[in-house]
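Going by the order they are written in, the chains are A, B, C, D and E; count residues from 1 in each one.
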Amino acid sequence: MVAPIVSIQQVSKQFSTKQKQEIVLDKVSFDVNKGEIIAILGKSGCGKSTLLNLIGGFEQASKGSILLDGKEIRKPSKRCVMLMQNYALLPWRSVEKNVALALEGEKLTKEEIDEKAAHYLTMVGLLDKRKALPSELSGGMQQRVAIARALAIQPELILMDEPFAALDTFTRYYLQDELIQIQQREQTTIVLVTHDIDEAIYLADRIFIMSANPGRVHKEIAIKGSKPRNRADTDFQHYRELIFNEFQFTTNKQPIEYNI
Amino acid sequence: MVAPIVSIQQVSKQFSTKQKQEIVLDKVSFDVNKGEIIAILGKSGCGKSTLLNLIGGFEQASKGSILLDGKEIRKPSKRCVMLMQNYALLPWRSVEKNVALALEGEKLTKEEIDEKAAHYLTMVGLLDKRKALPSELSGGMQQRVAIARALAIQPELILMDEPFAALDTFTRYYLQDELIQIQQREQTTIVLVTHDIDEAIYLADRIFIMSANPGRVHKEIAIKGSKPRNRADTDFQHYRELIFNEFQFTTNKQPIEYNI
Amino acid sequence: MLIGFGALLIVWQLASILSGHNQALFPPPLLVGEALLEMIRSGSIFTHIQISFLRFFSGYLAAVILAIVLGLIVGQLPAIWRVLDPIVQVLRPVSPIAWSPFIVLWFGIGNMPAIVIIFIAAFFPVLLSTVSAVKKVDAMYLRIAANFEMTHTERMWKIIFPAAFPMIANGLHMAIGSAWIFLVAGEMIGAQSGLGFLIVDARNALSLDIVMACIIIIGILGLLLDQAIRLFEGWVARIWGGQAAIK
Amino acid sequence: MLIGFGALLIVWQLASILSGHNQALFPPPLLVGEALLEMIRSGSIFTHIQISFLRFFSGYLAAVILAIVLGLIVGQLPAIWRVLDPIVQVLRPVSPIAWSPFIVLWFGIGNMPAIVIIFIAAFFPVLLSTVSAVKKVDAMYLRIAANFEMTHTERMWKIIFPAAFPMIANGLHMAIGSAWIFLVAGEMIGAQSGLGFLIVDARNALSLDIVMACIIIIGILGLLLDQAIRLFEGWVARIWGGQAAIK
Amino acid sequence: SGEGEISEGKQTIKIGYLPITHAVPLYMQQDAEYEDYELQLVKFGSWPELMDALNTGKIDGASVLIQLAMNAKEKGVDLKAVALGHRDGNVLVVAPSIANAQALKGQTFAIPNRFSTHHILLYEMLKKEGLAYEDINVVELPPAEMPAALAQGQIAGYVVAEPFGAISVALKKGKVLYQSEDIWPNSIDCGLVLRNQFIQSHGEVAKSFVRDYVAAGELAEHKDAHMQEVVGEFMNVEQNVLDLSLQWISYDDLAIEEEAYAILRNALIEMKLSEDPPAYEDFVDTSLWQ
């Protein structure tokens, strides 16, 4: 096997506020290989977003190190793009200009930028909306623009923090399908944080289940079977049940109410 | 069988805006019996919220009539309480005072009000939070306060518009369980709008699937089996698949993209 | 904070040396400091501050109460607001100073003109923010009121007022600032005391050191008022929590 | 709109009859209308309006440009803002009128005092709203800037300025109102023309009908300015869409 | 920018004024053309603004309450008084219900400015009538608000520059209680004040300016149709008000007499308005009369 694209080694993170010191992540280690989709599942507050921020370079680990292609990540870069739940499009720029945003820093002519933006907008099926403002699009469309923007700079890694959480079931299903297609075509590596067990099973090659207080990788589950998967399949049911039981376990017998 | 508590008879609703006249609901008819949980499923924009608003008396039907206990509904009343996705608690009132809100209009002493509020807060397991402000509670807790507030005036009907949509999977599961328990104890009648197929199957006695443009009741599905139901059950899978296929059908062969 | 004021003092002293103006025309910090100390020692400044505050709060509170009550009512009656709105819009941009001949005619001299001018300066911002706050009350809250069969009065005091309150508080904040600015103008009309009078009087006497000292006092008191209402806003934000219409 | 003004005229006429004041002290609408017509017929009013607008926009635009640029810079440098903030907070509540002896000393008489006073009145609201807008730029946008490896200048003009713009536009709105109010005060200092001069002059001549006519003109022009900037805000809201920080 | 700027070879003299009858000689002077200078009159809305401009040299001189100039001189601003603005012509106006000075006891009385002849006139009047200064409540009020305040009964009377006294009389809201000459003959009120710097650097021009000013005063004293017309250009008041004002005032012999100045100086000290008013020889420049 080739060297992993991302290597997370014994990473801990603690936040100190006035009241207390909180260990949010505790000795988390795992590798991500090129072309893989990794899903991270876990309860609210277990440190999923924090972990993603560390990989993206938006925050620094307290202990341990995170390597991208063998080099330590110290600050955010175009090689590793973060995609957020609330789409994070610039509302004052048209769809096209939003996609162009990351390209403007590169040595490209205006034509090349336009062409590239058009290419990726075609890929997410929104070429005809390229002059529209984000506010004129539905949530699902906005997230597709964000995906096109992320793809346009051809990052080695895309980080997604609950990318489809704000969408309704049907749109979510549709975007999940689309994501798999694009990912297979472009061979992008994706680390995905989600609340939704079905989403994780549907998309991921491997799922990491995190436990909370402090955040640890509680279990790694490899999902077999080719994509796209069938949600009504018995295998799918099997994984669902497996993960659900793991979750019950991570709560350590405390009443479920505790986590609400 | 006794007379239905709610009877919706050939109800149509159209909105006229400057640009166009839009028929949102077209000849919708169904009955709701006492103690039943009815779930309404349908795509975004098919008129689910509009239907709920008509039942609640917040809007008036263009044609047809809606009867509550045999009498036509003309304006909102305490007999039929609406529960919204965003909890709709008054942020400046404590939990207790929020629950008391609807009781203040009745002829009750302060002690009686306090007692009643305490009773329903106990029921949703939040008695110890009664002095807290809504902003100090999690989303799940807030929705439980809203449920307690709705129950406190002992309405004949509770209308719920995607009550758990803003919550994460685990909290959602927990509240669904709690809702079923309370509903069985209090014998409340509930009409529930949701986006979530699983939620509908888990909670409802009957599910109405709506189609869009114009909104119609496309299909009625009675869910058999006692509650609480097992999500990993084969029956559950059967209903899931059934409903999913119905949905594909309601889109009338148009590519799914159309609805996003 | 201290660095800021220190820097300001140095710039001021340098300016007064380099510009070569007569000290009477551009008093250096030391002279102003002396004037300030003298006023504090004699205690005269406190009487002026007290009377200015009295006028200020009379005008401000009267404006606030009237504007909120009126705003709550007309905010719910679009038909009436459509009639009042253009009048308010035309009256608002007129400087209270321009009204002074009529203020003397209607309200006399002494305390009243100052109070009235402060009233005018505070009234419009509070009225407009109350009306727009009432209009922006989330429909969700109104639905609750309807659902629980509230009466009009109940709806106004239990729902609309508290729901609109964060935005009204913001209007109160803006109004306190603009009203305080007009204190000087208000106390120019026949007042024989107060900070505004002091400035006018010192200007007549060409005691620009006293003028500058009064400017500093007015500035600091304005800052304190602002801080006080900010505390109040903080309290509002804490109670009203995530709902605050404007952060 | 028309009903509002109609009602106002009737109330005014009634008040002027019932109060029994001398017409010279409380001119009834008809007299004021005549004065207004006379000024329009002779065309003199247009010269005054023109010069007032010229002064107003010079002061306002200078304030806006300076305040936005300064605000964008110091809003990103908390250390510097901590030094400037207390100074601004103390200067802001001081009436531009109080400064007039110094304004004359530094800027002379004629156009400049009016421009400077309007500048002062507009500068602080725009500066404060820009700084607080910059501070409130959603961290999400700053993350995008970091993620796409933008330079400082790129970040300022591509992200921070447009993200802060709706709130800055709101500051521009507030500032245009408060600056216009100070036009009268500004043109009191040795100006030989303009609407403020006209009011002061008419007041000294006890031609209260002209004073009232000027009040009306100032009110209407203020309303028009407000409408104009509201259109501008509407445009901002349309483009910036749901993101508008304050609605 | 004042300090006698030159335009088209001609010296421009900027003189500040308030639109009152006390500045009439300036109006008359402005009416004519002069060979060696151009007279530019700058109108102000109130005394403080005018003094700000004069003190900072934005104008070369002004027709101003002489006490304000004395105060500035005491504070170190180099000003010179060169001539009077007028003689007499100030009136104490009271409400029609006030029968005599004794009736003012306990009432409110308005003056334009602590440092004004009007204040001294009031002070002297009270002395003459055997009243104490504390017997009445003295307030400072902008002149333009005085007629309204009197009509409303806010004040029982006022003393101020013209035509504000005449307005109340014309409106029948007030009557004349005293003419200034009955209290203090040859009182010094408004005067023509120049910046010494201007006099020093433009001595000859200043001389001809003052000469022309005095001549204009003589011309004004005719109070003929031409004079009325010129005044009308500068002051926008009703004809009957103007007639009344002009009746009370005179513009001949505008020299500042040492004797009258001494009375003024003493009054200022006695009233504690000033500790050390400038001496006659320091402040009054008689050289320009020659």
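Here is the rule we go by: contacts are C-beta pairs under 8 Å (C-beta built on N, C-alpha and C of every residue); 3 or more make two chains touch, one makes a residue touch a chain.
Here's who's who by UniProt: A, B = ABC transporter ATP-binding protein; C, D = ABC transporter permease.
None of these values were measured; they are calculated from a predicted model.
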item: Each chain counted as touching chain B and chain C (ABC transporter permease) at once; value: none
item: Separation of chain D (ABC transporter permease) from chain B in steps, with touching chains one step apart; value: 2
item: Chains in simultaneous contact with chain A and chain C (ABC transporter permease); value: B, D
item: Chain of greatest Cα-centre distance to chain B; value: E
item: Inter-chain pair with the most contacting C-beta pairs; value: C-D
item: Averaged-CA centre spacing for the pair chain E and chain B, given as whole angstrom; value: 83
item: Whole-Å gap between the CA centroids of chain C (ABC transporter permease) and chain D (ABC transporter permease); value: 17
item: Chain centre separation (chain A, chain D (ABC transporter permease); CA means) in Å; value: 48
item: Numbers and ranges of chain D (ABC transporter permease) residues touching at least 2 other chains; value: 21, 25, 100-101, 105, 188, 203
item: Set of chain E residues in contact with two or more other chains; value: 48, 52, 56, 144, 148, 151
item: Pairs of chains found to touch, sorted by chain label; value: A-B, A-D, B-C, C-D, C-E, D-E
item: Residue numbers on chain C (ABC transporter permease) that touch chain B, as the complex places them; value: 140-141, 143-144, 146-150, 154, 158-159, 162-163, 165, 239-243
item: Residues on chain C (ABC transporter permease) engaged by chain D (ABC transporter permease) in the complex (per definition of touch); value: 1, 3-5, 7-8, 21, 25-26, 82-87, 89-102, 105, 136, 174, 177-178, 180-185, 188, 199, 203, 208, 211, 214-216, 218-223, 225-226, 246-247
item: Touch list for chain B against partner chain C (ABC transporter permease), complex; value: 56, 58, 75-78, 81-82, 84, 86, 88, 90-92, 101-102, 104-105, 133-135, 153
item: Touching residues (chain side chain E, partner chain C (ABC transporter permease)) in the complex; value: 47-48, 51-52, 55-56, 68, 71-72, 75-77, 108, 110, 113-115, 139-142, 144-145, 148-149, 151-152, 154-155
item: Interface residues, chain D (ABC transporter permease) side, partner chain E - complex; value: 21-22, 24-25, 100-101, 104-105, 108-109, 188-190, 192, 197, 200-207
